[in-house]
Amino acid sequence: MKLLFKIFQIAFFALPLIAMRADKPLKVVFFGDSITQAGVGPTGYITKVSEMLRAKGQDAEYELIGAGIGGNKVYDLYLRLEDDVLAKKPDVVFIYVGINDVWHKASSGTGTDADKYVKFYEALIKKLKAQNIRVIVCTPTVIGERNDNSNAQDGDLNQYAKLIREIASRNSVQLCDLRKSFQDYLIQNNPENKEKGILTSDRVHLTDAGNVFLAEKMLEALVQK
Amino acid sequence: MKLLFKIFQIAFFALPLIAMRADKPLKVVFFGDSITQAGVGPTGYITKVSEMLRAKGQDAEYELIGAGIGGNKVYDLYLRLEDDVLAKKPDVVFIYVGINDVWHKASSGTGTDADKYVKFYEALIKKLKAQNIRVIVCTPTVIGERNDNSNAQDGDLNQYAKLIREIASRNSVQLCDLRKSFQDYLIQNNPENKEKGILTSDRVHLTDAGNVFLAEKMLEALVQK
Amino acid sequence: MKLLFKIFQIAFFALPLIAMRADKPLKVVFFGDSITQAGVGPTGYITKVSEMLRAKGQDAEYELIGAGIGGNKVYDLYLRLEDDVLAKKPDVVFIYVGINDVWHKASSGTGTDADKYVKFYEALIKKLKAQNIRVIVCTPTVIGERNDNSNAQDGDLNQYAKLIREIASRNSVQLCDLRKSFQDYLIQNNPENKEKGILTSDRVHLTDAGNVFLAEKMLEALVQK
Amino acid sequence: MKLLFKIFQIAFFALPLIAMRADKPLKVVFFGDSITQAGVGPTGYITKVSEMLRAKGQDAEYELIGAGIGGNKVYDLYLRLEDDVLAKKPDVVFIYVGINDVWHKASSGTGTDADKYVKFYEALIKKLKAQNIRVIVCTPTVIGERNDNSNAQDGDLNQYAKLIREIASRNSVQLCDLRKSFQDYLIQNNPENKEKGILTSDRVHLTDAGNVFLAEKMLEALVQK
């Protein structure tokens, strides 16, 4: 009798917690370009985050959703924000975009001017914050892995990374400084100063090591605070 | 008595017409780039349309609003559609954009890919049509006035003009084929095959003659049907 | 006796002619880019010219030499003129360059300005003429096969073709107007206005039909008085 | 008699010195782009080198010749090497080119590919060394003065500077590492991380301070054993 009561008592307090964990995992959207599109593949970084959460027994607490499309620039994200992000009612959104905004200047003449990059980026944040969504902004990683600022787009990437840091500060959103993490890693781990083959297979897209490294940084940002 | 009746009778039928003309002129927004920004200046094409309407005694029937910003491309229009167009509750919107989408490829590496040009263009139309706004789409005019397809961007401009014609047809919106009009005019009126100085002062922005010519074409499109 | 004399007499006059034909065929260098590099391959245009000459029994009269290197622009030809052309002491040189000068503007930001294109082109001609070499200049063919001037580089290619025509005239050298030939052909033979697949496999490099067509035009120019 | 002997004695020793100084100053050509073209102006860096030499009483020992043309890239130098440099029979040639090779990629799509930059650069050196001319190669200075590698072209400029250092080493010619000097200076003297206004007026062309600084570096290189 007493035992039964105890069980009921436990159930009474525990059920809501169980319910919360089981019914409402934190919904996280990764919003980005081809790296994020590949992120949900068997070796992609989003898959790696899932695996890391499972290893910690926390996979039920999170629902990870990839929303990456190859070739996307910041204004492409803006165009599909409603359908691909807001409609999913996420709790957290990672914005990870900028490589194509810089790269396409040289490769096809269709990159994004710095001032417009900022304008569209802040328009994204504004709409996400209006839905009380927690926003985490990521600096663009790399186009080329040389560690002495001699990759052709390094100047522009450094500048766009600075713009994101300013955006994070100005809009009071969380920063995940991927470019800094990548640069620090490559100073330590690219002694031959190679263009690719460490974290990327082709100067941009990630090797398995790159996906693991990115997943670690994303997960750190996600569980922070 | 009979006269009084007549007066009443006239008033009965005429009042709604008078009211319509006096209270609710047709609100027309010109949505575009630097050419449209200059369009509201003392010699700009929108000012010319006003003057043409006044000369015909129809100026009270139309309210013309310029919504051009220098350097704008199609995605810039998309970003400011709500604030600069929809908020004004227009009856008619001219979309006249594309020159920078092509030009900036060569001048700053920040033009717009053809497929994305179409995508954003149709997103604009969709939002305008959802408000029952009459849409008139304009093909991009010129970057250089040579009349033998030897201006550097002619190939791309011809292609983007074709895309707009297809967009008009596919979305059942009115077409104002400015590029064709300009090309036809320059074949007749540029015997020395000059790069500028006929309809443009600098290969892109309009001379007084250019503003008049553009105004005529816009007005023709506006009063059509 | 009289006959023998006659035979000797014929031999006396004929031998030098025979010798000339046998010992000294006309040496022709094709100087260009990847299209010319492929020109000496089994299905390349230079190989086709050889075959056409053989079919006419004139193959002994000509020695055809390919001097094409992929990615070359006019200044690359200038750099290797001595080694790859003058050192071979040719009688005739076809200059067929310009596609990369235009194309690389968009694809890698490393095209050639029009004024410098002319400057290097005329420097080539000057050095060739100083060696009494017959020069035949070719207009650039196509980047895309659409026949309504809507390929992205059509404006620039039309302009560079005009520059070559002016160079030919100003320097009194023979013109082989390949671009015009290709354009005329495509108006007749590309009813669906396709981008590729008629004379080119990839908008630039030649199909078998393209190599045959180019060979015909080159041969016409070569045998032209 | 004694006096006459003295005079002869003086003449005997002095004449060669006088002759050397008066008849054959060291002829130095500065071969480059618009910065060098401006270098011979009233406040240009070559003028500054002259003034520095005069202050040291050494102006008679050097003849300084500017051979800069605005907009020049490495292949433009190659085209005019004979006329503008070799014809002047110099003892020393500074090659200072590369800014336009990088910059024009973004500004007009007509920059120079890295591999061709090296090829033309080494062709220049080869021709100069064949005339026993002492060659001093300079790394490109700056396009933008931010000191944290966030100017758009910094990556490319760093890479082209590395290529020049390798060229110097591989060809055993003297290096004047202007880019390193400028970067070191800007780390010390640009605390606000401004884009221009320290050594340059417009991110590229030199202020008076810039001309003085450049002149000092050039002079150091020139007098170096």
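List of remarks:
For clarity, chains are labelled A, B, C and D in written order, and residue numbers in each chain start from 1.
Going forward, a residue touches a chain if its C-beta (ideal position, glycine included) is under 8 Å from a C-beta of that chain, and two chains touch if they have at least 3 such contacts.
A quick note: this is a predicted structure, and the numbers were derived from the prediction, not measured.
Over half of the residue numbers at the subunit B-subunit C interface are used by both copies of the sequence. In this assembly, D is the chain whose CA centroid lies farthest from the centroid of subunit B. Separating the CA-averaged centres of subunit B and subunit D is a span of 53 Å. Centre-to-centre separation of subunit A and subunit D, using mean CA positions: 47 Å. With centres defined as mean CA coordinates, subunit D is found 41 Å away from subunit C. In subunit D, the positions touching at least two other chains are 105-106, 108-109. In terms of which chains touch, the assembly is arranged so that all chains touch all other chains. The touching residues of subunit A, counted against subunit D in their complex, run 105-106, 109, 144, 148-159, 162. Within the complex formed with subunit B, the residues of subunit A that make contact are 75-76, 78-79, 104-106, 108-113, 116, 119-120, 123. Of all the residues in subunit B, the ones that touch subunit D in their complex are 106-109.
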